[in-house]
Each structure stands twice: as C-alpha cells, then as structure tokens.
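Common to both upcoming complexes is chain A, partnered first by chain B, then by chain C.
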Partner chain A sequence: MADLWANLPPLAQDILFALLLFCPGLIAGAVVLRGLRPLPLVGAMLRRFAPVNLLFVALIAVSVGLGVGLLAQERGLRQGSAQAAEKFDLIVAAPGSEVTVMLAAVYLQASDMALVTGPQYAEIAGAKGVALAAPIAFGDSHLGAPVVGTTTDFVTHLAGPLAEGRLFATASEAVAGAFAPVTVGETFSPAHGHGAAAEGDAHAGFGYMVTGRMAPTGSPWDRAILVPVEGVWQVHGLSNGHPPGETQIGPPFAPDLMPGTPAVLVHATELWANYALKSQFTRGDLMAFFPGTVLSQLHGLMGDIRTAMSVMAVLTQVLVTLSVVIGLVILVRLIARSLALLRAIGAPLRFVFAVVWAYSAALIVTGAGLGLALGWVAARAISGVITARTDVLVRAALSWPEVHLVAGFVSLTLILALLPGWLAVRRPLLADLRN
Partner chain B sequence: MATPALLVEGLRVISREGQVLVQVDRLAVPAGQTVALRGASGAGKSTLLHALSGLVRPTAGRVVWGGHDIAGLTEDARAAFRRQTLGLIFQDCHLFEELSAQGNAALISAFAPRADRAALRDGAAQWLAALGLGKAGSRAVDSFSGGERQRIAVARALAAGPPVILADEPTAALDRTNADTLGADLVALAAAGGRTLITVTHDAPLAARMARTITLADGRIVEDSHG
Partner chain C sequence: MSEANGLRVLHAWTPAITQGADALIYMDVENTSAAEAMLQGGTAMDAPLDLVGFSYGTSGDTWTVLPGLPVPAGAEVLLEPKVLALRWQAVPMDLVEGAELEVMVKVGAEVLEAHVEIGAAGATAHSHAGHGH
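Our next item is the complex of A and B:
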C-alpha cells in the first residue's frame, strides 16, 4: 500500500489526501441527511438570525484565513528567497561569515567585508572548470538603490538578454535593474555608502550614464544599478584592474593592479565542477560556499520556528474548532423554539438532528470557504509588502497544504457538529415550546 | 384514517417536584366529538392536552387513541402518532417567520416521506384557500394579522388531514371578531370531516360552540357537561 501511494504522482497524492480529509465530514453529512429535506428550514433559520449567523461565519473565516495565510506566506517567502539565490552557484570570498557574505552578495544587504585580492581573483578565474568568475563590489548607492560593480558577463548570467538598451561598455556606463529608480539615458552620480549614512556628494564629478535595463529577476538585484567594477574602483580613487591608459573593462584583470573585491561569483562549466571548485577554494585565506546550501541551512534553522508556527496554527484551528462547537451549542438555544415546534407537530428526532447539523454545516462550510478566500487575499497583500520592502519576489499562492488544512478543519468540525445536533434533540420539548 | 375514540384511564402527571399536575381516573371521548377543556389557570388543562397529544409522558395511566396506548411509546413513535393522527394548534401560532404562509402550512412536508410531500403541499394550499388565505400563500407570515396567522396555523394542523384536532387556547391572542370567526371555522371543519376537536379555552363563546365541556380544578375533572 505504501509503495502504491509512493508511486502516485504528487498531484494525485494531494487530491487523494484532500478527499480523505473531507471524507469523514462528507460521510457524516450523507448519513445525517439521507432521505431528508431540511434545507428550506435551515434557510429560514439562517435568515431569521442573520446578524448572529454572519458574525459566526466571519469568526470562522478569520480564523481559517489566518491559518491559510500563514502557511501560504511562509511557503512563498521560502520559495522567493530560494529563487533569488538561484543564479548564485558558488561564491568565493575572504574568510568570515558565509551568511553575511550571502546576504551581501545575493540579497544586497550592505555589510563590511574583507576583500578577495587581485592574485586570489586571478587564481579563481583561471581555475579549471570556471566558466564565469565575476567580481561583485559594493559600497555605493543612488536614490536608495545599491550601485554594484561587476562585469557584463554577470549581468547576462543574472538576467539574460536586456529588456531595454545595451550593456555597459565603458567604466562610466551602467545597466539598471528592472525596477531601479533610473531611466535609460539618464546620468547620475553615486552616493558613497547606503541608506541614511550615504554621502551624496562624495563622488561628485563622477557620473554613470544608464545604457540599458535588465529584465526582472525576482531578486533584490531588480532595484540595483550595475556598473563595471572598474567604475567602482575608479570612483574610490583606486586602480581599475588594468594598466594605466587602457580603456578595457571586464576580465582579464591585472592581479597586481586589481584593488580587490568583496565577493566573486563563480559559475562552473559543469555542475560537478562547482563541488571541485568549492573544495579547492575552501582554505585558510579564502572560503567558498553554495548560497543555496547556506539558505537551506537557514531555512532548516528557521524550520524549527516554522514547525512551531505550524503547531500554533493547528492548535489555533483546534481551539477555533472547539469554539465553533461551543458557539453552535449556544446558537441551538436560539432556534430551540422552532425545533420544539417541529418535534411537536411530529418531526422525527432524526429530522430535528439533521436540521441542526445542516444549519451548523452551512455556517462552517461558508466560513471555511470565505476563510480560504480571505487567506489568499491576505497572503497576496503581505507578499506585496514583503516584495516591495526586500525586492525578493514573494508569490504567496494557495496550494494543497492550505486545501488540506481547510479540508481537515471542515471535516473535523462537521463531525463535532453532531454534538449540538445530539444536544438539540435532548432538550425539553415543552419548555422550549413555551419559551 | 378513521377518527379514533379517546380513552384515558388512571392518568397521572406528576412534576419533578412531586406536584400532581393531572389526575384523571377515566375520560372517554367518542370519535368526532367536540370538547372544551375549561378551568382556572393552573388547573391542569394544558398539561392534560399535552398528555393526550403525547408531548408529555404520563407518570402513570393510559392514553388510548383508537385502541393504541400512546403513553408507553418512545418519543419518535409518539411523534409519528402526532404526525399521522393529530393536528396541533397553539395559542401563539408558532410560525416560522422567514417562511411564506404556504411554507408554514406545508411544514409537515419537510419531514414526510418523499412520496407524500406533494400531497401535503396540495393539502396545505387547499386549507389556506378554505380559510380565506388562498391568494396570500406566497407572502411572508410576518405580514399577516393575528387572526390570519392563527388561520395559517390551523391550515398547518390540517394539512395532513388528521382525524383529531387538539387546540391550546387558539383564540386567546385574537380580538372578539377574529376569535368568533376562528371558533366557527374550527367547529365547522371538525363537523365536516367527522374530526374530534378538543380545545383548551378560557373563551366562553368558543366553549359554547362545543358539544361537551369538561372543567378541571387542581388537575382533576370536576364537571363534565354535554350540550
């Protein structure tokens, strides 16, 4: 059986699992409602106490929405951060914190870092199996967007063909990220540093002209401005990696004339070569790491938090489920007189039971359905905020885990809704009829 | 269904607190008779009516309708008996406010066997028409006057064509004119169908329309007069 399950396609597993979760509730409904027609009365009761019923549906919707939104958001954030790191196969930097380097190189979070020297860079670029060794140099910004020094090969590696214009061809040209706050043809002077501490006029007199714009990458690089690494070195009064008088940009760099770079992105000719290069450059004076692995470790660490959040979400749903059942028991008191009338004029107890259960089911299913929609809307809204703030493209969409959560909640609650039905038929008929 | 005669023997209804609510040694009501149950408040009239309908399970004794003692039946069996044999009318109508007049009159069809539902809906429509509400069947009941609402309740009681009508103060909430109209309707409907009609009432004109008046005090029958 386990083998059969394992051999099913993931989609079939998800659909079957959802159906399995729904099954107890559906079976309960089929058994309770078989041969009966309580819906007109249920509709009348829903209309009769519309404000209370709407409040009850809203409470269920909000609680389900929170659970759904939490799951969708967490997954969207995880996938978005992983996608942003996708193009960064291997990073080589001076020894230090892999996380710090990853945050700086992949997510463009400004940080002070030791430099990879010119000779070290030359060794990396010349190593067997290296297809691309792009220096990544930070330090400047423009209108809040980081100005990053690199090579044209890296621009193409990161975003593919440009969406607009051409690649930079001189040290004073730039390519804008998809959403960077500059236009093609514009010339700007970079500020030294980032954020509030940036010195706006530190590089006065030096200007970059924007010659092209990258296609969106779904990463913080979309808001960056990419310039030749030579430009970054020059603007800081350093040699530009080439003999004086040469106007060449990009590799090869003269090792002795290269001021150094905080990080080098390495892309290997073959997948297996990445592992060899990592091993080769993991040593006393350098460190090499896969950002995907570091991110995975971070997700693993955060996995404990995620598990805690998931447990909290489930516990919340359980508490909400219990609250729903208690609420239904209270709601039954509202309709007790109508139920007593039904019993008085000859309705079988099973019919009265079915009316209460169907009434409860209508509230639960409506609330859960609205909750699913609410969770989707909330996840989309929060994703938009996170994307705007971090430039990590977070796409929180509803997926099977949310369907499973809602299916489990609905099914469990429909089963527990048998309790108010049972309590309803045990109520004193005459007392309810007189009230 | 043939109208069943009623025989009550040794009936005792005692409250949880031990108070004797009804104590009737013997009461026989022939099929088709109209009966008024009278007495002061707390005399046990409604409790007796509830025992006769099976809404209250007697502490002791027998309530025999057409040879069948309902006192010992389960709640579902007593409900089935009420569904098939009795038409109940309450003092304050007990209507579903969000249903139409027709929906209320045909309420019993909601839990009747599928094969009977159409006939019950037709029966309800016919009784509404007979009671002067035929054109208002689709209106929500909250738009009706008190007298009209009680007539809807009567149509509901008669929709399944029960041979026995049990009414608890059916005219108490009505003005004199409506009370007289409803009283006349009830007696006429009972007479036309050969139905037994037993009604609790404080309303002397309504009681006067009945063939028999039984007076209770402290749960006991203290007077039983015919004509």
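Our next item is the complex of A and C:
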C-alpha cells in the first residue's frame, strides 16, 4: 500500500489526500440528509437570521484566511528567495562567513569583505571546467540603488537579453536593473557607500551613462545598476585591471594589475564541474560555496518557524471550530421555538436534526470558502509589501497544503456540527412551544 | 579508514533512517597519489551507490546523479550534507543510530571498503565534525 502511494504522481497524492480529509464530513452529510429535503427550510433560516449568520461566516472566514495566508506566505517567501539565488551556482570569495558573502553577492546587502586578489581571480577564471568567472564588486550606490561592478557576460547570465538598449561597452557606461531608478540615456555620478552614510559627492566628476535595461529577474538585482568592474576600480583611483593605456573592458584581466573583487560568481561548463570547482577552491586562502546550500540550511532552520506557524494555524482553526459549535448550540436555543413548531406539526426528529445540521454546514462551508479567498488576497497583499521592501519577488499563491488545511477544517467542523443537531432534537418540546 | 595506492576514504557516516528511505552517505576521499583519480560511486549490500550532487531551487532540495568526480592528485574531496553524497536508494533495512555499515567505494581503479558510522537521524555533520584530526 505504501509502495502504491509512493508511486502515485504528486498531483494524484494531493487530490487523494484532500478527498480523504474531506470524506468524513461528506459521509456525515450523506447519512444525515439521505432521503430528506431540508434545504428550503435552511434557506429560510439563513435569511431570517441573516445578521447572526453573517457574523458566523465572517468569524470562520477570518480564521481560515489567517491560516491559509500564513502558510501561502511562508512558502512564497521561501520560493522567492530560492529563485533569486538560482543563477548563482558557485561563489568564490576570501575566507569568512558564507552567509555574509551570500547576502552581499546574491541579495546585494553590501558588507565589508576581504578581496579575491588578481592572481586568485586568474586562477579561478582559468580553472578546468569554468565557463564564466564574473567579478562582483559592490560598495557604491545611486539613489539607494547598489552600483555593482561586473562583466557583460554576467549581465547576460543573470537576465538574458536586455529588455532595452545595449550592454555597456566602456568603463563609463552602465546597464540598469529592470526597476533601477535611472533611465536609458541618463548619466549619473555614483555615491560612495550605501544608505544614509553614503557620500554623494565622493565620486563627483565621474559619470556613468546608462545604455540599457535588463529584463526583470525577480531578485534584488532588479534595483541595481550594473557597471563594468573597471569603472568601479577607476572611480576609486585604482588600476583598471589592464595594462596602462588599454581601454578594454572585461576579462582577461592582468593578474598583477587587478585590484581585487569581493566575490566571484563561477558558472561551470557541466554540472559535475561545479562540485569539482567547489572542492578545488575550498582551501586556506579562498572559500567556495553554493548559495543554494546556504539558503537550504537557512530555510531548514526556518522549517521550525514553519512548523510553529502551522501549529498556530491549526490551533486557531480548532479554537474557531469550538467557538462555532458553541455558537451553533446557542443559536439552536434561539430557534428552539421554530424547531418545536416543526416537530409539533409532525416533522420527524431526523428531519429536524437534518435541518439544524444543514444550516450549520451552510455557515461552515460558506465561511471556509470565503476564508480561502481571503487568505489568497491577504497573501498577495503581504507579498507585495515584502517584494517592495526586499526586492525579492515573492509570489504567494494558494496550493495544496492550504486546500488540505481547509478540507480538514471543514470535515472536522461538519462532524462537530452533529452536536447542535443532536441537542436540538433532545430539547423538551412542550417547554419550547410555551417559550 | 580504508586506503589503497594513495587513495583513502575516511570519516564515512550517514544519518539513521528507516527501511525504504534513501540513505545519503558522506565521507572524505583523499588522493595522496601522483595521479588524478575519478570518484565513481560504489556499492552497499550489492546495491549501487550513486554519486549525487545537491542543488536547491523553488521546488526545494534536489539530488542529481553525477557521472563521476575527479579527485586531483594530492587533494581531497568532501562528501558532505547538501553538497555531495553517495546515495543508496530504498535501503532494505532500518539504519539504526550507533550501528555500522560496510560499503565499497570506487575511486579510480580501486574499490575501497569503508565502515560507515550511522549517526542520529537528521544529523547534519559527522560526530567528529570540528575536530582537528
């Protein structure tokens, strides 16, 4: 049986699991409603007690929406940050913290770092199996956007063909990220540093002209401005990495003239070569790591938070389920006279039971459906805020875990809704008629 | 530790798992010989051990089978969690913490026998991790 389940496609597993969760509630409904037509009466009850019903539906919707939104948001954040790192196969840097280097090179959270020297870069670029060894040199900014020195090959590797204009061809040209605060044709002077402490006039007299714009990547690089690494070196009064008088940009660099770079992105000719290169450059004077590995480890730690969030979502559902059942019991007391009249005119107890259950089921299913929609809207809204603040494209969409959560909630609540029905038919008929 | 012709396998370990799950076996492979040697995988109880490489993306963790990995002369390759491993698919028994497992590792022309220490379930490093030997 376990083998059969394991051999099913993931989609089939998800659908079957959702049905399995929903089955108990469905079976309860089929048994309770078999041979009866309580729906017209239920419709009348829903209309008659509309304000109270709306309150119940809203309570369920908010609870379900909270759980659904939390789960979808966490997954969206995890996937968004993973997607942003997908183009960064292997990073080589000076020994230090992998997390710091990853945050700086992949997510452009600049940090003071030791440099990979010219000879070290030459060794990396010339290693067997290296298809691309791109320097990533950060430290400057413009209007809050990081200005990053690199090569044209890196621009193409990161974002593919440009959405507008052309690649930089001289040390004083730049390519803007998809949402960078500059326009093609504009010339700007970079500030030294980032944030409030950036020195706006430190590089006065040096201007980059924007020649092109990248397509969106869904990463913080969409807000960055990419310039030739030679430009970054020159603007800081360093050698441009080439013999004097040469205006070439891009590799090869003269090892002895290259000022160094905080990080090098390495892309290998074949998959296996990435692992060989990581082994080769993990040594005393260099550090090589896969951002994917670091991210997976971080997300693994976040897994505990995810578990806590899931438990919170389930606990919220349980509390709301209990509240709904208690509320329905109270509601049954409110409509006790109507139910007593029903019994007095000859309705069988099973019919009264079915009316109360179907009425409860209508509130639960409507609330859960609205909750699913509310969760989707909330997740999208929060994703927008996170994307705006981090520049990591977060797309929170509803998926099977949310469907499973709602199916489980609905099923459990439909079974618990048998309780108000049972209490309704046990009420004293005469006393209810007199009241 | 297992050694032949300058090729050594040491610190082999794997986290405890239950029967039917895939085991990921980690180790250090050293090449003290004068020639490059290709790490190609191995066997465990006559079942193949695939050399697999880790990647991470929107769909989560993925292990891809690699054709082999060169271990340069005088160098070592670390098979470590979320980087490289030898994968034994659908192990036929529980791998219990504290027990040992015998596997054969194919490096170059050598087949090295390695004793694999079974660590705690979910362990992310060898029990000697951090030691300087």
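Just so it is clear, the second predicted complex is superposed on the first by the 435 of 435 C-alpha atoms of A that agree within 3 Å, B and C clash if a C-alpha of one lies under 4 Å from a C-alpha of the other, contacts with A are read in each partner's own complex, and residues count from 1 in each chain.
Heads up, the rule we're going with is that a contact is a pair of C-beta atoms (placed from the backbone, for glycine too) under 8 Å apart; a residue touches a chain by one contact, two chains touch by 3 or more.
These numbers come from a predicted model, not from an experiment.
In the superposition on chain A, A:349 makes contact with chain B only, while chain C stays out of contact range. Using the contact criterion defined above for the overlaid structures, shared-chain residue A:2 touches chain C, although it does not reach chain B. Of the two partner chains placed by superposition, A:161 touches none, neither chain B nor chain C. Put simply, more of the residues of chain A are touched by B, taking chain B and chain C as the two choices. In the overlay built on the shared chain, the residue A:35 is in contact with chain B alone; chain C does not reach it. In the superposition on chain A, A:275 makes contact with chain C only, not with chain B. Once the two complexes are overlaid on the shared chain, A:82 sits against chain C while remaining clear of chain B. Of the two partner chains placed around the shared chain by superposition, chain C is the only one that A:293 touches, whereas chain B remains out of contact. In the superposition on chain A, contact of A:51 is made with neither chain B nor chain C. Taken together, the chain C residues at the contact with chain A in this complex read 20, 53-58, 60-61, 64, 66-72, 75-78, 82-84, 124.
Touching chain A in their complex are the following residues of chain B: 50, 53, 55-56, 75-76, 79-84, 86, 88, 90, 94, 96-99, 103, 107-108, 110-111, 114, 117, 156-157. Chain A meets chain B in the complex at residues 35-38, 40-41, 43-45, 47-48, 337-338, 341-351, 429-430, 433. Of all residues in chain A, those touching chain C in their complex are 2, 79, 82-83, 85-86, 271-272, 274-276, 278-280, 282, 290, 292-293, 295-297.
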